[in-house]
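Across the two complexes that follow, subunit A remains constant while its partner is subunit B and subsequently subunit C.
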Partner chain A sequence: MVKQVRKLRLPGELSQVRAACEFIVDVASDAGLGDDGVFQCQLSVEEIFTNIVEHGYGHDGAEKSIELVCEISDDLLLISLIDEAPPFNPLSLEDPDPNTPLWERDTGGWGVYFVRKYMDDIRYKLENEKNRLILEKKLG
Partner chain B sequence: MIKINVSNRDPVTLVEVSGRVDSMSANQFGDKLTEQIDDGKILLVLDLSGVEYMSSAGLREIVTSLKKAKKAQGKGDLRLAQPSQRVREVLEMSGLDTIFRIYSTQDDAINSYLA
Partner chain C sequence: MLEISTETLENDVVLLKVSGAIDGSTAPELRAAIVDTATPHCKMLLDMQGIHFMSSAGLRVMLLLHRQLQKGDSHVVLIGMMEPIYDAMEATGFLKYFQTASNVESGLELLCKTSV
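And now, the complex of A and B:
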(Lines of atoms letter the chains of each structure in order from A and count residues from 1; the text may use other names and numbers.)
(Lines give C-alpha, C1' and ligand atoms only; values in the text may rest on other atoms or scores of the structure.)
Protein backbone atom coordinates (compact mmCIF):
# COMPACT_ATOMS: atom_id res chain seq x y z
CA MET A 1 0.00 0.00 0.00
CA VAL A 2 1.35 3.41 -0.99
CA LYS A 3 2.03 5.49 2.14
CA GLN A 4 3.25 8.66 0.53
CA VAL A 5 3.38 10.25 -2.92
CA ARG A 6 5.71 13.16 -3.67
CA LYS A 7 5.96 15.01 -6.95
CA LEU A 8 8.19 17.60 -8.55
CA ARG A 9 7.84 19.14 -11.99
CA LEU A 10 10.90 20.81 -13.48
CA PRO A 11 11.73 22.46 -16.82
CA GLY A 12 13.57 20.05 -19.11
CA GLU A 13 16.92 21.80 -18.82
CA LEU A 14 20.31 20.63 -17.63
CA SER A 15 20.41 23.45 -15.06
CA GLN A 16 17.59 21.63 -13.23
CA VAL A 17 19.43 18.34 -12.76
CA ARG A 18 20.64 19.24 -9.27
CA ALA A 19 17.14 20.20 -8.17
CA ALA A 20 16.02 16.75 -9.33
CA CYS A 21 18.88 15.10 -7.43
CA GLU A 22 18.22 17.07 -4.24
CA PHE A 23 14.56 16.10 -4.39
CA ILE A 24 15.42 12.41 -4.81
CA VAL A 25 17.97 12.50 -2.00
CA ASP A 26 15.25 13.86 0.32
CA VAL A 27 12.68 11.31 -0.80
CA ALA A 28 15.04 8.33 -0.69
CA SER A 29 16.32 9.32 2.77
CA ASP A 30 12.76 9.76 4.06
CA ALA A 31 11.88 6.36 2.59
CA GLY A 32 14.52 4.84 4.87
CA LEU A 33 17.30 4.02 2.41
CA GLY A 34 20.88 4.13 3.67
CA ASP A 35 23.72 6.12 2.12
CA ASP A 36 24.36 3.58 -0.63
CA GLY A 37 20.71 3.35 -1.62
CA VAL A 38 20.30 7.13 -1.60
CA PHE A 39 23.40 7.51 -3.78
CA GLN A 40 22.11 4.86 -6.21
CA CYS A 41 18.74 6.60 -6.55
CA GLN A 42 20.40 9.97 -7.00
CA LEU A 43 22.78 8.77 -9.70
CA SER A 44 19.98 6.92 -11.50
CA VAL A 45 17.75 9.98 -11.56
CA GLU A 46 20.61 12.17 -12.78
CA GLU A 47 21.35 9.77 -15.63
CA ILE A 48 17.75 9.54 -16.81
CA PHE A 49 17.03 13.26 -16.35
CA THR A 50 20.17 14.10 -18.36
CA ASN A 51 19.24 11.68 -21.14
CA ILE A 52 15.80 13.28 -21.44
CA VAL A 53 17.31 16.79 -21.59
CA GLU A 54 20.03 15.84 -24.08
CA HIS A 55 18.36 13.25 -26.29
CA GLY A 56 14.61 13.53 -25.69
CA TYR A 57 14.43 17.33 -25.77
CA GLY A 58 17.66 17.92 -27.71
CA HIS A 59 18.67 20.67 -25.23
CA ASP A 60 15.53 22.57 -26.16
CA GLY A 61 13.29 21.63 -23.25
CA ALA A 62 12.94 24.95 -21.38
CA GLU A 63 9.24 25.09 -22.27
CA LYS A 64 8.75 21.39 -21.62
CA SER A 65 8.77 19.53 -18.36
CA ILE A 66 10.18 16.52 -16.62
CA GLU A 67 8.00 15.31 -13.79
CA LEU A 68 9.26 13.16 -10.95
CA VAL A 69 6.66 11.13 -9.11
CA CYS A 70 7.78 9.12 -6.10
CA GLU A 71 5.60 6.55 -4.39
CA ILE A 72 6.75 5.17 -1.07
CA SER A 73 5.21 2.00 0.29
CA ASP A 74 6.32 -0.30 3.11
CA ASP A 75 8.87 -2.18 1.06
CA LEU A 76 9.28 -0.25 -2.15
CA LEU A 77 10.23 3.14 -3.56
CA LEU A 78 8.96 3.79 -7.07
CA ILE A 79 10.46 6.75 -8.91
CA SER A 80 8.78 7.75 -12.18
CA LEU A 81 10.33 10.19 -14.63
CA ILE A 82 7.72 11.48 -17.05
CA ASP A 83 8.56 13.51 -20.12
CA GLU A 84 6.82 14.80 -23.23
CA ALA A 85 9.58 14.03 -25.73
CA PRO A 86 8.79 11.80 -28.74
CA PRO A 87 8.10 8.22 -27.63
CA PHE A 88 11.30 6.42 -26.80
CA ASN A 89 12.02 3.41 -24.66
CA PRO A 90 15.57 3.68 -23.29
CA LEU A 91 15.41 0.03 -22.29
CA SER A 92 15.44 -0.88 -25.97
CA LEU A 93 19.11 0.14 -26.10
CA GLU A 94 21.71 -2.58 -25.92
CA ASP A 95 23.95 -2.41 -22.84
CA PRO A 96 27.54 -1.33 -23.45
CA ASP A 97 30.17 -3.96 -22.66
CA PRO A 98 32.54 -3.11 -19.77
CA ASN A 99 35.19 -5.30 -21.41
CA THR A 100 35.39 -3.10 -24.51
CA PRO A 101 38.97 -1.90 -25.12
CA LEU A 102 39.64 1.85 -24.92
CA TRP A 103 39.85 2.55 -28.65
CA GLU A 104 36.62 0.72 -29.41
CA ARG A 105 34.67 2.48 -26.67
CA ASP A 106 31.74 4.63 -27.58
CA THR A 107 31.15 7.19 -24.84
CA GLY A 108 27.36 6.71 -24.71
CA GLY A 109 25.01 4.26 -23.08
CA TRP A 110 26.57 4.05 -19.65
CA GLY A 111 23.88 6.04 -17.87
CA VAL A 112 21.11 3.51 -18.48
CA TYR A 113 23.59 0.73 -17.75
CA PHE A 114 24.22 2.17 -14.27
CA VAL A 115 20.50 2.55 -13.67
CA ARG A 116 19.99 -1.13 -14.51
CA LYS A 117 22.73 -2.05 -12.05
CA TYR A 118 21.53 0.18 -9.23
CA MET A 119 17.77 -0.32 -9.41
CA ASP A 120 15.88 -3.51 -8.58
CA ASP A 121 13.65 -3.08 -11.60
CA ILE A 122 13.11 -0.58 -14.39
CA ARG A 123 10.07 -0.36 -16.65
CA TYR A 124 8.96 1.85 -19.51
CA LYS A 125 5.41 2.88 -20.39
CA LEU A 126 3.95 5.21 -22.95
CA GLU A 127 1.06 6.89 -21.13
CA ASN A 128 -1.11 9.68 -22.52
CA GLU A 129 1.54 10.27 -25.18
CA LYS A 130 4.19 10.77 -22.50
CA ASN A 131 7.22 8.64 -21.75
CA ARG A 132 7.17 7.21 -18.25
CA LEU A 133 10.22 5.41 -16.91
CA ILE A 134 9.64 3.72 -13.57
CA LEU A 135 12.61 2.95 -11.35
CA GLU A 136 11.97 0.48 -8.57
CA LYS A 137 14.10 0.31 -5.42
CA LYS A 138 13.37 -2.17 -2.66
CA LEU A 139 13.40 -0.85 0.89
CA GLY A 140 14.86 -2.72 3.82
CA MET B 1 30.23 23.20 -8.21
CA ILE B 2 33.71 21.83 -8.76
CA LYS B 3 37.15 23.19 -8.01
CA ILE B 4 40.07 22.30 -10.25
CA ASN B 5 43.67 22.99 -9.37
CA VAL B 6 46.47 22.38 -11.85
CA SER B 7 50.10 22.24 -10.76
CA ASN B 8 53.40 21.36 -12.36
CA ARG B 9 55.28 18.34 -10.95
CA ASP B 10 57.78 18.24 -13.75
CA PRO B 11 57.50 16.26 -15.99
CA VAL B 12 54.01 15.46 -14.70
CA THR B 13 51.00 17.76 -14.62
CA LEU B 14 48.82 17.23 -11.58
CA VAL B 15 45.12 18.02 -11.84
CA GLU B 16 43.29 17.98 -8.52
CA VAL B 17 39.51 18.06 -8.63
CA SER B 18 37.06 18.41 -5.81
CA GLY B 19 33.29 18.54 -5.67
CA ARG B 20 30.58 16.97 -7.69
CA VAL B 21 31.25 15.86 -11.27
CA ASP B 22 27.80 15.49 -12.80
CA SER B 23 26.17 16.38 -16.10
CA MET B 24 26.19 20.08 -15.10
CA SER B 25 29.88 20.29 -14.25
CA ALA B 26 31.45 17.59 -16.46
CA ASN B 27 32.13 19.96 -19.36
CA GLN B 28 34.12 22.31 -17.16
CA PHE B 29 36.10 19.33 -15.92
CA GLY B 30 36.70 17.97 -19.44
CA ASP B 31 37.65 21.40 -20.80
CA LYS B 32 40.36 21.78 -18.14
CA LEU B 33 41.85 18.39 -19.05
CA THR B 34 41.70 19.18 -22.77
CA GLU B 35 43.39 22.52 -22.14
CA GLN B 36 46.38 20.75 -20.55
CA ILE B 37 46.73 18.25 -23.38
CA ASP B 38 46.42 20.93 -26.06
CA ASP B 39 49.14 22.80 -24.20
CA GLY B 40 51.46 19.79 -24.54
CA LYS B 41 51.05 18.59 -20.97
CA ILE B 42 50.40 14.97 -21.76
CA LEU B 43 51.75 13.19 -18.67
CA LEU B 44 48.76 13.75 -16.46
CA VAL B 45 47.73 12.68 -12.99
CA LEU B 46 44.13 13.28 -12.05
CA ASP B 47 43.66 13.29 -8.29
CA LEU B 48 40.05 12.40 -7.53
CA SER B 49 40.27 12.28 -3.74
CA GLY B 50 38.02 15.34 -3.42
CA VAL B 51 35.35 14.04 -5.80
CA GLU B 52 32.48 12.62 -3.80
CA TYR B 53 30.21 11.98 -6.78
CA MET B 54 30.80 11.21 -10.45
CA SER B 55 28.18 10.14 -12.95
CA SER B 56 28.59 8.84 -16.51
CA ALA B 57 29.03 12.43 -17.74
CA GLY B 58 32.30 12.63 -15.78
CA LEU B 59 33.44 9.21 -16.97
CA ARG B 60 32.83 10.30 -20.56
CA GLU B 61 35.21 13.23 -20.05
CA ILE B 62 38.03 11.17 -18.55
CA VAL B 63 37.78 8.55 -21.31
CA THR B 64 37.85 11.27 -23.99
CA SER B 65 40.84 12.89 -22.28
CA LEU B 66 42.68 9.58 -21.94
CA LYS B 67 42.29 8.92 -25.67
CA LYS B 68 43.46 12.44 -26.46
CA ALA B 69 46.50 12.18 -24.17
CA LYS B 70 47.50 8.80 -25.58
CA LYS B 71 47.21 10.08 -29.14
CA ALA B 72 49.36 13.12 -28.39
CA GLN B 73 52.88 12.29 -29.56
CA GLY B 74 51.99 8.65 -28.90
CA LYS B 75 53.29 8.75 -25.35
CA GLY B 76 50.84 10.62 -23.19
CA ASP B 77 48.73 9.15 -20.42
CA LEU B 78 46.13 10.11 -17.86
CA ARG B 79 46.54 8.25 -14.58
CA LEU B 80 44.16 8.39 -11.67
CA ALA B 81 44.95 8.87 -8.00
CA GLN B 82 42.90 8.25 -4.89
CA PRO B 83 39.38 7.76 -6.26
CA SER B 84 36.80 7.64 -3.48
CA GLN B 85 34.86 4.43 -2.94
CA ARG B 86 31.86 5.82 -4.85
CA VAL B 87 33.98 6.89 -7.83
CA ARG B 88 35.87 3.60 -7.80
CA GLU B 89 32.55 1.77 -7.94
CA VAL B 90 31.43 3.47 -11.15
CA LEU B 91 34.91 3.01 -12.65
CA GLU B 92 34.67 -0.71 -11.89
CA MET B 93 31.10 -1.09 -13.16
CA SER B 94 32.07 0.43 -16.50
CA GLY B 95 35.29 -1.59 -16.73
CA LEU B 96 37.42 1.55 -16.62
CA ASP B 97 39.42 0.21 -13.68
CA THR B 98 41.14 -2.06 -16.20
CA ILE B 99 41.76 0.74 -18.68
CA PHE B 100 43.09 3.47 -16.40
CA ARG B 101 46.14 3.06 -14.21
CA ILE B 102 44.84 3.83 -10.75
CA TYR B 103 47.03 4.59 -7.72
CA SER B 104 46.17 4.79 -4.06
CA THR B 105 48.31 7.88 -3.42
CA GLN B 106 49.09 11.01 -5.37
CA ASP B 107 52.84 10.42 -4.99
CA ASP B 108 52.57 6.88 -6.36
CA ALA B 109 50.73 8.19 -9.41
CA ILE B 110 53.31 10.93 -10.04
CA ASN B 111 56.25 8.62 -9.44
CA SER B 112 54.81 6.04 -11.85
CA TYR B 113 55.93 8.31 -14.70
CA LEU B 114 59.45 8.52 -13.31
CA ALA B 115 60.04 4.79 -13.06
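And now, the complex of A and C:
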Protein backbone atom coordinates (compact mmCIF):
# COMPACT_ATOMS: atom_id res chain seq x y z
CA MET A 1 0.00 0.00 0.00
CA VAL A 2 1.32 3.44 -0.93
CA LYS A 3 1.80 5.50 2.21
CA GLN A 4 3.02 8.72 0.70
CA VAL A 5 3.24 10.38 -2.72
CA ARG A 6 5.49 13.39 -3.35
CA LYS A 7 5.81 15.29 -6.58
CA LEU A 8 8.02 18.01 -8.00
CA ARG A 9 7.81 19.59 -11.45
CA LEU A 10 10.89 21.43 -12.70
CA PRO A 11 11.86 23.19 -15.94
CA GLY A 12 14.06 20.97 -18.12
CA GLU A 13 17.24 22.93 -17.50
CA LEU A 14 20.67 22.00 -16.18
CA SER A 15 20.38 24.67 -13.47
CA GLN A 16 17.53 22.62 -11.95
CA VAL A 17 19.66 19.49 -11.36
CA ARG A 18 20.44 20.65 -7.84
CA ALA A 19 16.76 21.13 -6.96
CA ALA A 20 16.01 17.62 -8.27
CA CYS A 21 18.86 16.19 -6.20
CA GLU A 22 17.80 18.01 -3.03
CA PHE A 23 14.23 16.76 -3.47
CA ILE A 24 15.27 13.16 -3.95
CA VAL A 25 17.71 13.22 -1.02
CA ASP A 26 14.88 14.46 1.16
CA VAL A 27 12.41 11.82 -0.07
CA ALA A 28 14.92 8.94 0.11
CA SER A 29 15.92 9.91 3.66
CA ASP A 30 12.27 10.13 4.72
CA ALA A 31 11.66 6.71 3.16
CA GLY A 32 14.22 5.36 5.62
CA LEU A 33 17.16 4.63 3.32
CA GLY A 34 20.67 4.85 4.78
CA ASP A 35 23.51 7.02 3.43
CA ASP A 36 24.43 4.60 0.64
CA GLY A 37 20.83 4.16 -0.49
CA VAL A 38 20.25 7.92 -0.47
CA PHE A 39 23.43 8.44 -2.52
CA GLN A 40 22.31 5.79 -5.02
CA CYS A 41 18.89 7.41 -5.48
CA GLN A 42 20.47 10.85 -5.89
CA LEU A 43 22.96 9.50 -8.42
CA SER A 44 20.25 7.75 -10.45
CA VAL A 45 17.97 10.79 -10.54
CA GLU A 46 20.85 13.13 -11.40
CA GLU A 47 21.88 10.91 -14.30
CA ILE A 48 18.41 10.60 -15.80
CA PHE A 49 17.57 14.28 -15.23
CA THR A 50 20.81 15.38 -16.91
CA ASN A 51 20.24 12.99 -19.83
CA ILE A 52 16.75 14.41 -20.41
CA VAL A 53 18.06 18.01 -20.33
CA GLU A 54 21.02 17.29 -22.61
CA HIS A 55 19.72 14.64 -25.01
CA GLY A 56 15.92 14.67 -24.70
CA TYR A 57 15.50 18.45 -24.74
CA GLY A 58 18.84 19.26 -26.40
CA HIS A 59 19.51 22.06 -23.85
CA ASP A 60 16.32 23.77 -24.98
CA GLY A 61 13.91 22.62 -22.28
CA ALA A 62 13.26 25.83 -20.31
CA GLU A 63 9.63 25.82 -21.46
CA LYS A 64 9.29 22.09 -20.94
CA SER A 65 9.15 20.17 -17.73
CA ILE A 66 10.59 17.19 -15.96
CA GLU A 67 8.30 15.79 -13.31
CA LEU A 68 9.48 13.71 -10.39
CA VAL A 69 6.86 11.52 -8.74
CA CYS A 70 7.87 9.51 -5.68
CA GLU A 71 5.72 6.83 -4.10
CA ILE A 72 6.75 5.43 -0.76
CA SER A 73 5.23 2.20 0.50
CA ASP A 74 6.27 -0.17 3.30
CA ASP A 75 9.00 -1.92 1.38
CA LEU A 76 9.49 0.10 -1.79
CA LEU A 77 10.40 3.55 -3.08
CA LEU A 78 9.24 4.20 -6.64
CA ILE A 79 10.72 7.22 -8.39
CA SER A 80 9.22 8.24 -11.74
CA LEU A 81 10.85 10.76 -14.06
CA ILE A 82 8.38 12.03 -16.64
CA ASP A 83 9.40 14.18 -19.61
CA GLU A 84 7.86 15.45 -22.84
CA ALA A 85 10.87 14.88 -25.10
CA PRO A 86 10.55 12.64 -28.18
CA PRO A 87 10.00 9.00 -27.17
CA PHE A 88 13.23 7.42 -25.98
CA ASN A 89 13.88 4.38 -23.86
CA PRO A 90 17.21 4.77 -22.06
CA LEU A 91 17.17 1.05 -21.32
CA SER A 92 17.80 0.46 -25.00
CA LEU A 93 21.36 1.72 -24.45
CA GLU A 94 24.11 -0.83 -24.03
CA ASP A 95 26.31 -0.57 -20.96
CA PRO A 96 29.91 0.50 -21.50
CA ASP A 97 32.60 -2.01 -20.55
CA PRO A 98 34.53 -1.17 -17.34
CA ASN A 99 37.49 -3.14 -18.75
CA THR A 100 37.99 -0.88 -21.76
CA PRO A 101 41.30 0.99 -21.33
CA LEU A 102 40.76 4.63 -20.46
CA TRP A 103 42.48 5.92 -23.60
CA GLU A 104 40.05 3.98 -25.82
CA ARG A 105 36.93 5.15 -24.03
CA ASP A 106 34.06 7.10 -25.35
CA THR A 107 32.79 9.65 -22.82
CA GLY A 108 29.19 8.49 -22.42
CA GLY A 109 27.04 5.68 -21.14
CA TRP A 110 28.07 5.59 -17.49
CA GLY A 111 24.94 7.36 -16.25
CA VAL A 112 22.52 4.60 -17.24
CA TYR A 113 25.13 2.07 -16.08
CA PHE A 114 24.90 3.53 -12.56
CA VAL A 115 21.09 3.49 -12.62
CA ARG A 116 21.12 -0.19 -13.61
CA LYS A 117 23.72 -0.96 -10.95
CA TYR A 118 22.09 0.87 -8.05
CA MET A 119 18.33 0.45 -8.60
CA ASP A 120 16.51 -2.82 -7.95
CA ASP A 121 14.36 -2.49 -11.05
CA ILE A 122 13.85 0.01 -13.90
CA ARG A 123 10.88 0.22 -16.25
CA TYR A 124 10.18 2.46 -19.20
CA LYS A 125 6.70 3.42 -20.43
CA LEU A 126 5.40 5.77 -23.07
CA GLU A 127 2.35 7.27 -21.39
CA ASN A 128 0.13 10.02 -22.89
CA GLU A 129 2.98 10.78 -25.29
CA LYS A 130 5.35 11.31 -22.40
CA ASN A 131 8.41 9.30 -21.43
CA ARG A 132 8.09 7.76 -18.00
CA LEU A 133 11.06 6.02 -16.41
CA ILE A 134 10.26 4.26 -13.16
CA LEU A 135 13.11 3.51 -10.77
CA GLU A 136 12.47 1.00 -8.04
CA LYS A 137 14.47 0.90 -4.81
CA LYS A 138 13.74 -1.67 -2.12
CA LEU A 139 13.49 -0.40 1.44
CA GLY A 140 14.92 -2.25 4.42
CA MET B 1 27.43 23.92 -5.90
CA LEU B 2 31.15 23.41 -6.36
CA GLU B 3 33.98 25.35 -4.77
CA ILE B 4 37.42 25.19 -6.34
CA SER B 5 40.70 26.58 -5.07
CA THR B 6 44.32 26.15 -6.15
CA GLU B 7 47.50 26.42 -4.17
CA THR B 8 51.16 25.72 -4.95
CA LEU B 9 52.92 23.53 -2.41
CA GLU B 10 56.55 22.41 -2.03
CA ASN B 11 58.39 21.08 -5.14
CA ASP B 12 55.92 22.88 -7.47
CA VAL B 13 53.12 20.51 -6.55
CA VAL B 14 49.74 22.05 -7.39
CA LEU B 15 46.93 21.38 -4.95
CA LEU B 16 43.51 21.64 -6.59
CA LYS B 17 40.95 21.53 -3.83
CA VAL B 18 37.30 20.95 -4.65
CA SER B 19 34.27 20.71 -2.44
CA GLY B 20 30.54 20.32 -2.95
CA ALA B 21 28.90 18.26 -5.70
CA ILE B 22 30.27 17.31 -9.12
CA ASP B 23 27.14 16.92 -11.26
CA GLY B 24 25.89 17.87 -14.70
CA SER B 25 25.63 21.54 -13.75
CA THR B 26 29.00 21.94 -11.97
CA ALA B 27 31.25 19.62 -14.02
CA PRO B 28 32.03 22.34 -16.61
CA GLU B 29 33.64 24.49 -13.86
CA LEU B 30 35.86 21.61 -12.78
CA ARG B 31 36.69 20.86 -16.39
CA ALA B 32 37.83 24.47 -16.90
CA ALA B 33 39.92 24.39 -13.70
CA ILE B 34 41.61 21.17 -14.79
CA VAL B 35 42.36 22.48 -18.27
CA ASP B 36 44.07 25.48 -16.61
CA THR B 37 45.92 23.50 -13.97
CA ALA B 38 46.97 20.21 -15.58
CA THR B 39 49.78 21.72 -17.65
CA PRO B 40 52.61 19.57 -19.11
CA HIS B 41 55.04 18.13 -16.53
CA CYS B 42 52.88 19.17 -13.61
CA LYS B 43 52.45 17.36 -10.34
CA MET B 44 48.91 17.65 -9.07
CA LEU B 45 46.97 16.71 -5.99
CA LEU B 46 43.22 16.72 -6.55
CA ASP B 47 41.78 17.05 -3.07
CA MET B 48 38.26 15.57 -3.11
CA GLN B 49 37.75 15.33 0.65
CA GLY B 50 34.94 17.89 0.45
CA ILE B 51 33.11 16.20 -2.44
CA HIS B 52 29.97 14.49 -1.18
CA PHE B 53 28.48 13.66 -4.58
CA MET B 54 29.81 12.81 -8.04
CA SER B 55 27.87 11.60 -11.07
CA SER B 56 29.02 10.37 -14.48
CA ALA B 57 29.60 14.02 -15.43
CA GLY B 58 32.50 13.82 -12.97
CA LEU B 59 33.78 10.65 -14.63
CA ARG B 60 33.93 12.50 -17.94
CA VAL B 61 36.10 15.14 -16.27
CA MET B 62 38.32 12.36 -14.87
CA LEU B 63 38.72 11.00 -18.38
CA LEU B 64 39.79 14.44 -19.61
CA LEU B 65 42.18 14.79 -16.67
CA HIS B 66 43.76 11.44 -17.42
CA ARG B 67 44.20 12.27 -21.11
CA GLN B 68 45.64 15.67 -20.39
CA LEU B 69 48.14 14.26 -17.89
CA GLN B 70 49.22 11.43 -20.19
CA LYS B 71 49.85 13.87 -22.98
CA GLY B 72 51.99 16.12 -20.82
CA ASP B 73 53.94 13.53 -18.80
CA SER B 74 52.25 14.78 -15.64
CA HIS B 75 51.12 13.09 -12.46
CA VAL B 76 48.06 13.31 -10.27
CA VAL B 77 47.00 11.79 -6.97
CA LEU B 78 43.33 11.83 -5.98
CA ILE B 79 42.91 12.66 -2.32
CA GLY B 80 40.25 11.53 0.13
CA MET B 81 37.41 10.22 -1.99
CA MET B 82 34.33 9.30 0.05
CA GLU B 83 33.35 5.66 -0.07
CA PRO B 84 30.43 5.75 -2.54
CA ILE B 85 32.48 7.85 -4.97
CA TYR B 86 35.47 5.53 -4.59
CA ASP B 87 33.15 2.56 -5.25
CA ALA B 88 31.72 4.19 -8.38
CA MET B 89 35.24 4.93 -9.69
CA GLU B 90 36.19 1.33 -9.02
CA ALA B 91 33.08 -0.23 -10.58
CA THR B 92 33.58 1.72 -13.80
CA GLY B 93 37.25 0.77 -14.05
CA PHE B 94 38.51 4.34 -13.64
CA LEU B 95 40.33 3.73 -10.39
CA LYS B 96 43.06 1.55 -11.82
CA TYR B 97 44.32 4.52 -13.85
CA PHE B 98 44.68 6.84 -10.86
CA GLN B 99 46.76 6.89 -7.71
CA THR B 100 44.85 7.65 -4.54
CA ALA B 101 45.75 8.75 -1.04
CA SER B 102 43.74 9.47 2.08
CA ASN B 103 45.20 12.91 2.83
CA VAL B 104 47.42 15.65 1.39
CA GLU B 105 50.57 14.53 3.25
CA SER B 106 50.44 10.95 1.98
CA GLY B 107 49.51 12.24 -1.48
CA LEU B 108 52.61 14.46 -1.52
CA GLU B 109 54.77 11.53 -0.51
CA LEU B 110 53.33 9.38 -3.29
CA LEU B 111 53.77 12.13 -5.86
CA CYS B 112 57.41 12.72 -4.96
CA LYS B 113 58.15 8.98 -5.21
CA THR B 114 56.52 8.46 -8.62
CA SER B 115 57.59 11.61 -10.41
CA VAL B 116 61.34 11.54 -9.63
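Here is the rule we use: the second predicted complex is superposed on the first by the 140 of 140 C-alpha atoms of A that agree within 3 Å, B and C clash if a C-alpha of one lies under 4 Å from a C-alpha of the other, contacts with A are read in each partner's own complex, and residues count from 1 in each chain.
Here is the rule we use: contacts are C-beta pairs under 8 Å (C-beta built on N, C-alpha and C of every residue); 3 or more make two chains touch, one makes a residue touch a chain.
Predicted model only: the values in this text are computed from it and were never measured.
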| item | value |
| --- | --- |
| Room on subunit A for both subunit B and subunit C (clash or fit) | clash |
| Partner chain(s) touched by A:98 [first = subunit B, second = subunit C, both, neither] | both |
| Which superposed partner A:88 touches (first subunit B, second subunit C, both, neither) | neither |
| Touching partner for A:124 - first (subunit B), second (subunit C), both, neither | neither |
| First, second, both or neither for A:17, with subunit B first and subunit C second | both |
| Which superposed partner A:114 touches (first subunit B, second subunit C, both, neither) | both |
| On subunit A, positions contacted by subunit B and by subunit C | 14-15, 17-18, 21, 39, 42-43, 46-47, 50, 53-54, 96-100, 102-103, 105, 107-108, 110-111, 113-114, 117 |
| Residue numbers on subunit A that touch subunit C, as the complex places them | 14-15, 17-18, 21, 35-36, 39-40, 42-43, 46-47, 49-50, 53-54, 96-100, 102-103, 105, 107-108, 110-111, 113-114, 117 |
| Partner subunit B, residues of subunit A touching it in the complex | 14-15, 17-18, 21, 39, 42-43, 46-47, 50, 53-54, 96-103, 105, 107-108, 110-111, 113-114, 117 |
| Residues on subunit C engaged by subunit A in the complex (per definition of touch) | 1, 21, 23-25, 53, 55-57, 59-60, 63, 66-67, 70, 84, 88, 91-94, 97 |
| Subunit A-touching residues of subunit B, taken from the complex the two chains share | 22-24, 53, 55-57, 59-60, 63-64, 66-67, 70, 86, 90, 93-95, 99 |
